[in-house]
Amino acid sequence: MYSHTFHKRVRYGETDKMGYLYYGRYADLYEIGRVEMLRSLGLTYKNMEEKEGIMLPVKSLQMRFVRPANYDELLAIKTTLRHLPQKDIVFQVEIFNEKNKLVNGGSVRLAFVEMKTNKTVGAPEFLLEKLRPFFGVAT
Amino acid sequence: MYSHTFHKRVRYGETDKMGYLYYGRYADLYEIGRVEMLRSLGLTYKNMEEKEGIMLPVKSLQMRFVRPANYDELLAIKTTLRHLPQKDIVFQVEIFNEKNKLVNGGSVRLAFVEMKTNKTVGAPEFLLEKLRPFFGVAT
Amino acid sequence: MYSHTFHKRVRYGETDKMGYLYYGRYADLYEIGRVEMLRSLGLTYKNMEEKEGIMLPVKSLQMRFVRPANYDELLAIKTTLRHLPQKDIVFQVEIFNEKNKLVNGGSVRLAFVEMKTNKTVGAPEFLLEKLRPFFGVAT
Amino acid sequence: MYSHTFHKRVRYGETDKMGYLYYGRYADLYEIGRVEMLRSLGLTYKNMEEKEGIMLPVKSLQMRFVRPANYDELLAIKTTLRHLPQKDIVFQVEIFNEKNKLVNGGSVRLAFVEMKTNKTVGAPEFLLEKLRPFFGVAT
């Protein structure tokens, strides 16, 4: 298992008339969570696309909205990989408010697509190499 | 059952570096779909909040991304109520591209909250009244 | 002179905590205005990029915020070309609310860049051809 | 004079089809810049609204786009007050990329509005108090 937490403040432009973080902005937080998890492993999504020619389109998304997030709150986005990715990669996400209460929880599934051929290719070796130590797999 | 289709063009600011509609903008389309469905029934979400004092926070969201949506495509957002709402209301959403191919499908569940008390109250009568004729319920 | 008006409704996700259209979403409306003006001339920005290889990066933007725009209001985005474009193209924009009161006014200046060479190239002939009849220029 | 710099990374959802930060997202960066400047003075915009009942609607905005900002770049948003605010407050903004090159520069003018009465009231004393030491004004 591998977990990583990143903090992100709720901005004015992300709130809505109800006064809370708009429900449609949570997917942006999920993206920030997984990109920063990759960075914590020494990988950047930018390089994946630009150097390795691999992009990760989203296949599915599901989320529960537990309580509202307020303007200016510093949210903690906790992103977890429960399994080594194979064909797809699934990120579990939990978002906590400043009182450490759960705001939102869910998961997002992405495929690995080779940009040159536009074909799904499964988890690339450079990613698995970084992840194996956290999954008790002999390398 | 009640269905309603609304058209929405993919704007430049909604695309991302991949060249397609960003995955995080689909929740905005789901919102447009359900608001326009309500309008087709003679109701506005604005009035629900401002006149009736009822707001509809989102409880959960799930979506599958079937194929990408291109810049400038005129998408058809088809929103369906399969059941009369009771405690919650669940909108089924399908988004089709200009070739009538499915781009994205999912559902979103919302609660009815009385703004004055901040308590969930279940589907209000003014909404049920509009919907019953489509669900074969004697009124 | 050439003017074109396009209507756009203020969506929930575009409002902010103040209850109005967020100031940062107006640039999106300006983009919609100029893209729909081009479409009214029989041109699409999509084709400009994909067929003609010309993109129009924004060079400058200025806007005044006259009065707030409310949730669910159907705004009229009036986009005007006062001059035939030469090196740059300048769109004048006025946004009116449902009572026909001015909400926002401003202008945006864009360059014409050949995507292949990444060089500015000035207004392309296929655009000037469409515009000349509105500027009293013999063709 | 008072200046403050805050860093913000360009996120995938903020890029567009051109591959750069979308021009319409810069206003969001300007907002982040001024809110973080206020925080550096020990003030929060949140408290201004919720405790002091003062909101700051934007009156005008102007920006020049000097060079594009790339996905994943860590931008430096430098926000400067050149004058003590009186009736309005004007923030000068410069955004630099990772190579310290200017990406965008501009300014934004906001009014001080008492929320209770919805009237403009000029710069409040609790703000002037924090700012005077930086403007060589005896307090």
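Here the chain labels run A, B, C and D in written order, and each chain numbers its own residues starting at 1.
Please note the rule applied: a residue touches a chain if its C-beta (ideal position, glycine included) is under 8 Å from a C-beta of that chain, and two chains touch if they have at least 3 such contacts.
Quick caveat: nothing in here was measured; it's all calculated off a predicted structure.
With every chain reduced to the mean of its CA atoms, the largest distance from subunit B is reached by D. Contact tally for A-B versus B-C: the pair with more C-beta pairs in contact is A-B. With centres set at the average Cα position, the gap from subunit A to subunit C is 35 Å.
Mean C-alpha positions place subunit B and subunit C at a centre distance of 29 Å. Subunit A and subunit B have CA centres that are 25 Å apart.
Residues of subunit B in contact with at least two other chains: 12-13, 17, 24-25, 27-28, 31, 71. By the touch criterion given at the top, residues 11-13, 27-28, 31-32, 35, 44-46, 71-72 of subunit A touch subunit D in their complex. Within the complex formed with subunit C, the subunit D residues making contact are 17-18, 23-28, 31, 49, 55, 57-65, 68. Listed in rising order, the residues of subunit C touching subunit A in the complex are 12-13, 15-17, 19, 22, 24-25, 71.
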